[in-house]
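Note that the chains are named A, B, C and D in the order they appear, and that numbering of residues resets to 1 at the start of each chain.
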Amino acid sequence: MMWALVLLPLAGALIAWLIPDNRKRALVLPVFALAQLFLVGALLVDTPPVSPAGWIMLDPLGKLALISNSVLFAVCAFYAVGYLAYRRRRPNRVLCAALLVCLSAMTLVTISQHLGLLWIALEATTLTMAPLIYFNHNARSIEATWKYLLICSVGIAIALLGLFFLAYSTIVAKQDVTLLLPSLISDAAALHPGWRHAAFIFLLVGFGSKMGLAPLHTWKPDAYGEAPGLVGALLAGGLVNCALLALLRVYQIAVASSEGAMFQEVLLVMGLVSMAFAAVFMARQSDFKRMLAYSSVEHIGIITVALGLGKGALFAGLLHMINNSMTKGVLFLSCGNIHRAYNSKSTTTVRGALRRTPWSGALFLAAFLAITGSPPFSPFVSEFLIVSSAFVQGNFWTGGLFLVFLALIFIGMASTVLPVVLGEVPTDIERTRYRDTLPTVLPPLLLMGIILTMGLWLPAPLQQLLHEAAGLLGGGA
Amino acid sequence: MLFDMLRDPAVLVLCAITLAGCSGLPGLLLRHGPLGQRLASAAALLSSLIALPSLVYLLFWRQTSSFTLNWNLPFGPCEIALDPLSAFFLIPIFLVFPAGALYALGYWPAVERRASERSVTFFYGLLACAMALVVVARNGALFLIAWEVMAVSGYFLLVAEHAEEEVRGAGTVYLVASHLGAGALMVLFSTLFFSTGAFQFPAAGSLQVTAGLSTLIFCAALGGFGSKAGLMPLHIWLPSAHANAPSHVSALLSGVMLKVGIYGLLRVISFFPHPPLWWGALLTAAGLTSALMGICIASAQKDIKRLLAYSSIENLGIICTGIGVYLLAAASGNRLLAYLGLAAALFHVLNHAIFKPLLFFSAGSVIHAAGTRELDRMGGLAKRMPRTAFLSLCGAVAICGLPPFNGFASEMLLYLGFFSEAQAGAPYLALGAPVLALVGGVAVISFVKLYGIAFLGAPRTDGSARSHEAPFSMLAPMGLLALLALAGGLFPQLFLALVNPALAALAGPGADAVALPVAPAWFAVAGGSLLVLSAALFLFLKGRAKAVPAGAGPTWGCGYIRPAASMQYSGSSFGALFGSLASTLVRSRISAGKVAGVAPAATKLSYAPEETVLQRIVLPTISIIGVGFAFVRRLQHGEVHVYILYIFATLLLLMLWVH
Amino acid sequence: MNSLADQFLVLCLLLNFAVLGTSRLNFSVRSVALQGVLLGVLPALVHPFSWHLAFIVVSIVLVKGALIPFLIIRAIKRAEIEREFQPFIGYIPSLVLGALFTTLAFIFAAKLPLAPEHSGLLVVPASLATLMCGFLVLMGRRKAISQVLGYLLMENGIFLFGLLLADAMPVMVEAGALLDLLVGIFVMGIVINHISREFSSIDTSRLSALREE
Amino acid sequence: MIDTLFHMVLVLAMPPLLLGVIGKTKAAFAGRVGAPFLQPYYDLSRLMRKGVVISDTTTWIFKAGPAVTLAATLFAALLVPLGKHAAPVSFEGDMILFAYLFALGRFFTTVAALDTGSSFEGMGAAREVTFSCLAEPALFFALITLTRLSGTMSLTPMLNHVTSPVWVAAGASLILLLAGLFVVLLAENCRIPFDDPNTHLELTMIHEVMVLDHSGPYFGCILYGAALKLYLLGALFVNIAVPFASGNAFVDWALFALSMLVLAVAIGVVESVMARLRLIRVPQLLVAAMILTAFSLVLVVR
C-alpha cells in the first residue's frame, strides 16, 4: 500500500512521458493526482503499520505533510490542464513527467522513517524541480535554475554531512549505527554531545537552505520569480513542507536528546532573522512573484519561530505549515493568471487586475489578506496562536518582534498587492489572450474555500492529528 | 422550544445580528436589478426593529445573558454575552445601520452603481454584523476575528470607487493602520491569556496582575483601540478613509465603528479592579489633545467629508476625555465626578452616533447633488434642497454642542464634572473646561463654515446650481436622526436611562445612583423656551415685515457694480483667519501662480490643508526606513558565489554559537 | 596501514591547495579527479576487504576519476575556456584562506572525539578542510565550471567523512552519496550546457540579472 | 416675584440706554453735544416701522438669524442676576448654558451673514467666529475662578457670593479677573478697540459688516439683541465689580442700574481714548485676557 503511494505517480510519469500529444498528456496529471489523493485518503483512514525494516511508516507528522502535499498537488494538477491549454506551443513532456516524479519523491519524504532514505527523496525533489523551474527556457529562467540548483545542492550536501555526523555520534556512543528515526530518538540522550551538536547545526543549515530560511534563502526569489505559477505553488507549498518535515525529524531527535532548548533557541533566532529579512525585502517590491518568494521566507520563518517556541506553539506551527501551503497555492496560481493576463509581473505595468481578471484578482486579494493573518482565514488561527503562546511563555520580546515583523511585512505586501489588484487597467499595455476561465480559476478557488473553512471550523480529525504530531515534537496536547 | 427561545430578548438580538450579516447575501446571488439592494435594506430595517426594543428591554431590566457558541477553533470556549455595556454599544449599530441601508437606496442605487453596488451592500451588512459581534464577544480570539472582519469589510466598502487614486491611497493607509491596531490587540489578548490562562474575558474587576503587566495591557489596548477610535496621533488613517468612502459607509464608520474602539477601551478598563490614576490622566490629556487638534484641523479643511472626519476626531476626543475623567475620579474616590465623566462619555457616544451620521448623510446628499466634495465649489444649495438644508442645520447645531440639541446635554455633563472639580483640593482638572470651551468655539467656526459655504449664498459652480433635492429614502433617515438629536437635547433623561445601566455595569452597581447636579427638566425648559421664543420672534418679524413695504434685490455689494458668485467668501478664506492663528497646529500648503507686470495674466491660487502627522512624520519615517531597507536589499545582488558565502558564514556562526 | 592512509589524506589536502592556487581549469579538473581517485582507494586501505568494498572502490574510482572529469573537460572544450580570469577571491588570498581553513579544521576536529578504532586518523580534519576548500572555490570563482569543481571538492570532503562509516553503515548512504554526486553533476552539466547556449559563456557573473535593485 | 418683575423690566428696557450713554460720553469727549440718551430707542422704533429689502440670494435662514439670536440672548437674560438679587432662572450649570446661548446666537448671526453671499459679510462672519472663540476660554477661566471662590456652579449664588469680604480675601485675583472680563466684554460686543460700531469701512469691521444686508425690523431686532448682550455681560462685570449690598432691595436695584450707567460711561471713555486695534493685534489682546483670567485662577488656587 505505502509503496503504491510512491509508485503510482512514477507510473504516471512514465505514461506522461510516453504520450506523444501535448494536450492529452496534460490530462494525465489530474488523473494520477486524484488517484494518489484517494490512496492517501484510504491510508489515512486505515494506516498500515510500520514496514518490516522500519524504514517506511506514516506517522502523524508525515500524515500532515502528506495531506497538504497531495491536496495541493491535486489542485495544481487540475490547474495545469487549464494552464497548459494557454501554452500549447511549448512542449510539456518534461513538465508533466517531472511533476509526477516530484510528487512521488515528495510522498517518499513524508513516509520515510529512515533519515538516509528521507535525504535521498529530498535530493530527488530538488533535482526534479530543476527542469520545472526551467520551463520557460529563457535567459532568466536558466539563471534562476542554476542558482537554485547550486545553492540547494550545497545545502543538501551539508545536510548529508550532518547525517554522517549523526550516524558517527552513534558510533562514538558505542551503539549500533543507524539512521532509523525511532532508535535515534530513543538513544538521543546517549549520543555524544559534540557530534550531536555539529550534526544538528549541519542539518539545520542543510535543510534550512532547502526550506529557505534567511540568509540561506537567496535562491528563492529567483526560482519563484521565474518558474511558472504552478511550479511556484508546488515549490512554496510542497517542497518547503518536505524540507520542513526533514527538519522536524531532526527536531524530534533534538528534543529527545534533552538538549532541545539549545536547538530551539537556534531555531527561534533563525526564524526571527528570516522574518526580518522578508520584511526588508518585501518593502517596495516591484515584482509580485518575487514578493511571494519573500513571503514564503517569512512563513518559513514563522513556522521556525513556532518550533523554537515549542510547547503550545508546536500545534500552531504545524497548522501553519498546512495553512501556508494552501494559501501559497492560491497566491501563486492566481498571480500566475495575472502574470499571464498582463504578460508582466512588474507592478508598474500590472494594475487593476480586479477589472481585467476579476476572479484571479479577487483571489489574489483575498489570499493576500489570508496570508497576512486576517481572519476569518486559517492562517490567522495559527499566527495568533503562535503569538499568544510566545506571550504565554513569557517570551514577550519574541512575541513583540514577531508582531513588528508581521506589521512591516503587511505594509510591504499591501503596497505591492493593492495597486496590482485595484484601480484601472493601464491603457497602453500589451493585449493577451488570457481570460479567467473555469479551469484556471476553480482550483485556487477551491483552495481558498479550504482556507476559509479551516479559519472558521477546524475539522476534529485534523485537530487530533495536529495534536498527535505536536506530541511527537514534545508539545503535549 | 423555539418560541420560548425567541421570547428571550438576548436571543432576538443575536438573531438580528445574524440577519444584519446576511442582509447582503441575496444581492450577491441576484445578479441584476435593484431587488437585492431592496431586500438588504428591508433586512436591515427588520433587524433593527427586532434589536432595538430588545436592547432597550435588556438595558432597562439590566439583564445579562451569556451564551457559549459551538466552535472548535483552539481558543477555548466561544463565549458571547449581552451585558448592559454591550447592549448599550449595540444601540448605535442598530440605529445607524438601517438608516444607512435606507439611505443607500437613494444614494448608491443598484441601477447606477452596477459595478460596486453588490459588494457595497454585502460588506455593509457584514460590517454591521462584525461590529455587533465585537461588542458581544467575550473570547479574545472571537473578538479579534470579528474585529478584523470589521476592519476588512470597512476596507472593501472604502475602496468601492477604487478607480480613483485617492481612494486607493486612503484604503491602503486605512488597511495598514487597522492591521497595526489589530497587532496591538494581539498583544493585548495574548497578555491577558498570560495573566488569566484563557482567552475568555475576565469578569469585571477581577483581573489581578502586576503593575508592569497592567501597564502593558493598557498600552496595548490604547494602541489598538485608540487607533480605531482615531485618538491623536493615531488618527492618520481616519480623515482620508472617511472622506473617500461612500457617505452612508462614512456614516457607519464614523458614527459607529469609532465607538467600537471606545467600547474596547472601556471593556478592558472594566477588567481592572483599581485602574491607576495615571491612566485617567493620560486618557484625559489624550482626549483633550485630540479634541482640540481635531477641531482645529477640521476648521481648515475644504473637503466637506474630511471636515466631518476631523470633527469625529474631536468628538471622540471628548468621549475619551470623559472616560479619563471617570478614571481619575474613580482612582481618587470621587463618585459624583466619576458619574459625570462616564455619563458624559457614554451619552456623547450616543449623541455622536446620531448627529454625525446625520451630517454624513447630508454631506452625501450634497455631494450627490453638487457632484463635488469641495466646499469651495458648492454654495446656494439651500435654495434647491431646502429639506436637506434644514436637517443639516439641525445636525450642525447639534454637533457644535449648542442648545437645544443633544450635543449640549452631554457636553454639559462634562463641564459640570470639570467645574465641580474646581472646588476640590487640586483643581487642575477644571482646566479642561476652557479647553472644551475653545473646542466648542472652533467647532462653531468649522460648522458655520460647512453649513454656510455649502448651503448658503449663491452657487459657485454650475454643478451646484443644477443640484436637486434628495429623494425620500435619503431624507427619511436624516429626519429621524434630527428628531432624535432634538429629543436628546430636550429630554436627556431618556438617553441617560440608557446610559445608566451601562454605567453601572462599568463602574459597579450603584454608581449610577448619583443625583445629577442639574435637574434634567431644565434642559426641556431651556430648550423648549428657546424654540418657542425663536419661533415667536420669527413669526413676529415676519408679520412686521409683511406690514411694512418690502423690496427685493441683489445682495448689497458695498458699491461694487458687478458682483459675481465666485467673489463670495469661500470656505478656505473663511477658515484662513483662524488657520493663521493656529498655524502651529494646522499646516496648509498654499501654491500660487506668479503675478507680475502691469496687466498680469490670469493665475490660480490653491490651498491644501496638510495631514501633518501623516505627511510630516509617518511618511518621512517610512521613507527613511525604506532607504535603510534598500541598503540591506543589496545583499540580494544576484552573485551566486556570495550567496554561498552566506551559507558558509551561517554555518560557521552557528557552529561557533553552539560550541 | 593507517600511516599510509594518513599520507593519502595529506596528499588530498595538498590537492586542495592545487585547486585553490591555479587559474587553469584543466589542471583543476585533473587535481579534483586525482583527489577522487585517492578517496576511492582509501576505503581499501582502512577497511578489510569485502566484495561490497571492492564494488564501492571501483565505482568511485570510475565515477570520480573518469566519468566526471570527462564530462567537465568536454564542457570546457565546448565552451572554449581555459582559465579563470579575475576570480572573486584572488589566488594568493585563496591559498592563505585555504591554509587558514585547514588550520581551523584541525582545531575543530580536535574537539570532536573519535571512536577508538578511528583514533589517530586524519580523516576528520581532512574532510572538514576539503569541505571548506570546496566552499572557498564556490565562493571565490566566477565560472560555472569552477563552481562545479568547488562542489566536487565539497562532495569529496563529505565522502571522506563517509569513510568513517563505510563499514558500519548500510550501503544506502554511500549509494546516496554517489547518487547525489552523479545526478547533481549530471544535472549541473546539462544546465551548464544550456547556460553556454544561452549566454555563449559560462561566466556566472553574467548570471546576475535576477536581483533586487 | 417683585424682583422678577424688576429683573424683566430692567433687562427688557434698559439695554438701549447703555448705548445712548456710551454715545453721549463719546460725544462729550469729542466736544460735541451728541444724540440724546434715548436715541437708540428712537432708532429701534423707527426700524420697526421701516420697509424691508431682502436679497434674492437669501433663504429663510437670513430671517431666522436675528430671531434665534435674540431668542437666545433673551433666555440668557433670565440667567444673569442683576445686582445682588436672584435671577429668575437659576440651576447648577446655568453659566454653561449662558455661554452656549451666546454661541448659539453667534452661530445664527454668522450663518445668516453667509446667507447673503456677500464677500464682506463672509469676512465679518469669519472674524466674528474666530475672535469670539478666543474670548470663550477667558470667560471660562473667570467662571472657574468664581466657582472656586463661591463653591457653586450657578450664576446667581456665584455672583451674589462676591461681597466685600471676598474682595478683601481675594482682591488681586478679582482684579485680574475683572480686567480679563472687561476685555471679553469689549470683544464680544464689538466695541473699540476691537471693532468700531460706528464706522462703515467694511474691511475693518467685524460685527457691523455681518448685518449690512439686514433692514427694517430684522435690523432692529439685531440692534436690540446686541444691546442686550452688552447689558448682560455688563451685568456680569458689575456684579463682581460692585460687591456691595445694602440689604434693601430697592436700593440695590438702584445701585445696580447706576453701576451699569457708570460702566457705560467707562466704555465710552475707553472708546474715546483708544484707537481701533489693527486686526492682527486683536487675537493678542484676547489671549492676554485669557492669561489674565488664568492668572486669577492661579491666584485663587494657590
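Basically, contacts are C-beta pairs under 8 Å (C-beta built on N, C-alpha and C of every residue); 3 or more make two chains touch, one makes a residue touch a chain.
All of these numbers come straight from a predicted model, not from anything done at the bench.
Compared on C-beta pairs in contact, A-B and B-D come out with B-D as the pair having more. Greatest Cα centroid separation from subunit C: this falls to D.
With centres defined as mean CA coordinates, subunit B is found 43 Å away from subunit A.
Centre-to-centre spacing of subunit B and subunit D amounts to 36 Å, using the average Cα coordinate of each chain.
One simple way to say how far apart two chains are is to compare their mean CA positions; for subunit A and subunit D this gives 77 Å. Between the CA-based centres of subunit B and subunit C the separation comes to 69 Å, rounded to the whole angstrom. Within subunit C, residues 111, 138, 147, 204, 207-210, 212-213 each touch two or more of the remaining chains. For subunit A, residues that reach two or more other chains under the stated contact definition are 146-147, 150, 154, 194, 198, 221, 281.
Along subunit D, no residue makes contact with two or more other chains. In summary, the structure contains touching chain pairs A-B, A-C, B-C, B-D. Across the interface of their complex, subunit A is touched by residues 111-115, 131, 138, 144, 147, 151, 154-155, 157-158, 161-162, 164-165, 168-170, 172-173, 176-177, 179-180, 183-184, 187-188, 191, 194-195, 198-199, 204, 207-210, 212-213 of subunit C. By the touch rule above, subunit B contacts subunit A in their complex via residues 71-75, 141, 144-145, 148-149, 151-152, 159, 162-163, 165, 168, 171-172, 175-176, 179-180, 183, 186-187, 189-191, 193-194, 199, 216, 622, 625-626, 629-630, 632-633, 635-636, 640, 643-644, 646-647, 649-651, 654-655, 657-659. Looking at the complex, you find that subunit D touches subunit B at residues 48-59, 61, 63-64, 66-68, 70-72, 74-75, 89, 91-94, 96-97, 99-101, 103-104, 106-107, 110-111, 113-123, 125-127, 129-130, 132-134, 136-141, 143-144, 147-148, 151, 153, 202, 212-213, 216-218, 221, 283, 290, 294, 301.
If you check the complex, the residues on subunit C that touch subunit B are 88, 108, 111, 132, 135, 138-142, 147, 204-205, 207-213. Those residues of subunit A that touch subunit C in the shared complex are 114, 116-117, 119-120, 123, 127, 130, 134, 138-140, 142-147, 149-150, 153-154, 156-157, 160-161, 163-165, 167-168, 171-172, 174, 177, 179, 192, 194-195, 198, 221-222, 225-226, 281, 286.
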